[in-house]
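By letter and in written order, the chains are A, B, C, D, E, F, G, H, I, J, K, L, M and N; residue numbering begins at 1 in each of them.
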């Protein structure tokens, strides 16, 4: 197993793990917030605009943690500095 | 075990893990939001349009985390930059 | 253990894991949504059409995550690009 | 351990794991939906036909994820393309 | 460890695991449905026939996932195609 | 470690695991159903015969999954086809 | 490690595991049923005979799964067919 | 590691595991039953004799599973048939 | 690693594991029973003697499972038959 | 790794594990009992002496399981019979 | 496996793990806070500004723990002092 | 790896594990007791002295299990008898 | 694997683990406190200043545990005394 | 791997683990206590000083377990007696 293959294998595995594990918390948190918002609108239909706005801000805030994970996964796949360094070293060595 | 096989094996395993683990949270979160919406419509049938719209926006938001996982899995299977690099190297080597 | 066997073994295991693990969340989420819908229809029988429609849209949305998993498992079994590449290489080598 | 045995062992283990793990979620989800339906019929006996119909549609939807698992397990046991390929290769080799 | 023994060991272990793990979900789900049915009959004794019928259909549906597991375990023990193939190969080889 | 010992060890371990793990779900499910039945009889003593009958049918249904496990464990200990085959082979070989 | 020692070690470990793990579910399930019965007798002291009878039938049913485990453990310790076979073989071999 | 030491080590570990793991379920189950009985006596002090009797029968039933575990642990430490066999063999061998 | 050291190491580890794991269930169960008793005395101060007596009997019953664990741990440390046998053998061997 | 070091390492690890794992259950159980007592005193301040006495007896009972663990840990560190035996043997051997 | 590759592999894996695991708690905590805020606004629409402000401060506080994780992951990928040291050493060595 | 290093490594790891794992239960238990006390004071401000006293006694009792862990960790770091023995032996040996 | 690389790898992994695992508890605890504060302000808008102050003190207290983790992670990355010692030794050795 | 590196690696890992795992319980416990205090102040604003004082004492008590962990981690990093001993030995040896 060359270094190149090790880095590639770890990057692939980590990218998948990051994005899938990172989807767990946000999805549950957003589900809870959305459920609360829907129940609240049903109780107080007149406050729907305020409630929607609060919901969307909250969803954006919660989604941000999922986006961090997605960004890290994309960096690992498409702009991985370790991979670039090791690939350059391999080209020089060959 | 050649490098090529290692990368392939890790990609296959990660793709499956990503999409299956990434389905857990969104499915539970969507189930919770949908349950809240259905109960809310039963309590306040007049607000059904508002409730449905809020539900659909929330479902889309929650589904997005599952879609991140699906996208990463598809990239790993069909557009994997590590695989392309290592396969090219193997062709050159042979 | 040849490369061919490694890829095959990983593909088989991942396909099964993906589809079985991916069934957990959707089944629980759908159960929750269905339970809410049934309780809601009992409380408000007049709103049954609206409730059913909302339920079916939600079930479809939740089921989609299970279908992603099924699709990935089918791709891994019947249209696996890594397997095709390695099998072609094995034919050339023999 | 020959390749043939490895593929067979992995297929057997995965088939069992898939169908048993894939039974967990659907069984719990169906139990929840059925419990809700039974309570609902007791509260509102007049709506029993509507409730039963909604229950059966939901059960079918939830059962589908268990059936995906069963189908994958059957494919792995009786129509496994990897097994067929490797067995053919073994026959050619012998 | 010969191939024959490996296949046998994996088949035995998987059969036991499948049937025991596959009993967990259905047993819990049926317990929940049965508890709901019994409470419902106590609340509404006049609806007992409808409730019983709904309960039995639900139990059958839930039990089906346990039966999938039992069927797979029986296939692995008594009609295992991998075992038959490898045993035939062993006979030819000896 | 001979093949004979491997098969024996795996059979022993699997038999114990199957019957002990398979007792978990049914015991909890039966406990839940029984608790519901006892509470229901206390609320509605007149419906005791109907409730008892429903309870016993449910207990039988739930117990069936534990019995599947017990049957598989007994087969593995006393009528194990893999053990018979390998023992016969060992006798022939000696 | 001789075969004899392997079988003995696995039998000892499995017997202990079976009986201890198999005690978990029944104990919890019986605790739940007993708690329900005691509460029910306090609410409806006149129904105590019916409640006690239902409780005892349920406890017997739940206890049965613990007894399956105890029986399997006893078989593994005192009437283990694999141990008998291997011990006989060892005697012949010595 | 001689066979004697292996059997001894496994017996010691299993005895401890059995009795400690086997204490978990019964202790929780008895705690639940006792809590229910105490609450029930406070609600209905006149029924204390009936409640105490039901409690003691239930505790005895639940305790029985812990006693199975204790008995198995004692057998493994003080009357272990595998240990006796292997020790006798070791004496003969020396 | 001599046999003597193996037995000693396993005995030490098992004794600690037994007594610490065996404390989990009883402590939780006793906490629940005590909490119920205290609440019950506050609701019905006149029944305090009956409640205390029931509580103490229950605590003794629950504590018994912790004492089984303590007894087994003490046996393993101070009256371990396996250790005695192996130590005697070591003395003879030296 | 000499025998002496093995015994020392296992004793150290086990002592720490015992006392830390053994603190989990008692702390939770005492927290529950204390919470119940405090709530009860607030509801019924006149019964404070009886409640305090019951609380202290219960806390002592629950604490006893933590003390078992502490005692075992202390024995393992400061009065370990296995360590004494092996150290004596090492002195003789050197 | 060179040192360089080891550091790179560990850094990649840790970065992904950090950001994905660190998203779990904040997402759940924010979902809870947001749900409480939405319910509160529906109950008391007049206090919406105060509630929103409290919510945003709380979300910022909770988000900070996720941001710590993101910062550490970014440091590990783009400004890793260990990587710099080891890469410099490798350049000197080559 | 010398004996000295092994003992040191195990002592360090165990000390940290003991004190961190031992903080889990007490912190949760104290949180529960404190929450109950605060709610109780709000309901019955006149009983604050009695409630505070009961709370402090309970907190001290619960904290004692955390202190056991801290004491054991300190003994392992600063007054470890195993370390002293092995270090003395190393000095003699060098 | 040189010592330098080992220390670096462990430091990187530990820093990430510390900060991500240490974010779990504080985020959940802060979410709970914030939810309580928001609900409380909605019930009692007049007490908002007192409630906010209590909330901020509590959040600071809870955040402190996350900050301990962040500090330890930063020390491990940027001011690691073990790394400094080993790097100095490596420079001397080269 | 020299002894020095082993001690350093274990110390680093343990310090991080201690402080991050030790933050879990206190953070959750403090969150619960703070939530109770905030709800209590909203119910009974007049008792705010008493409630705040009780809260702060409780938070300090709970925080103490987190501080134990922080102290142990700091000792392991900056005043580790094992590290000092082994480093001195290494200097003498070189």
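Simple rule for what comes next: a contact is a pair of C-beta atoms (placed from the backbone, for glycine too) under 8 Å apart; a residue touches a chain by one contact, two chains touch by 3 or more.
All values derive from a computational prediction rather than experimental measurement.
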Labels of chains that are neighbours to subunit D and to subunit J: none
Inter-chain centre distance, subunit B versus subunit H - centres from mean C-alpha coordinates, in Å: 47
Mean-CA-position distance for subunit L and subunit H (Å): 30
Subunit A residues counted as touching two or more neighbouring chains: 1, 11, 13, 15, 17, 19-22, 24-26, 28-32, 35-37, 39, 41, 43, 55, 66, 69, 73
Ring topology as an ordered chain list, initiated at subunit L and continued via subunit N: L, N, M, K, A, B, C, D, E, F, G, H, I, J
Complex contacts: residues of subunit K adjacent to subunit M: 1, 3, 6-7, 10-11, 13-15, 17-22, 24-26, 28-33, 35-37, 39-41, 43-44, 46-47, 50-51, 54-55, 57-58, 61-62, 64-66, 68-69, 72-73, 75-76, 80-82, 85-86, 89
Interface residues, subunit L side, partner subunit N - complex: 1-2, 4-5, 8-9, 11-13, 15-17, 19-32, 34-39, 41-43, 45, 48, 52, 55-56, 59, 63, 66, 69-70, 73, 77-78, 83, 87
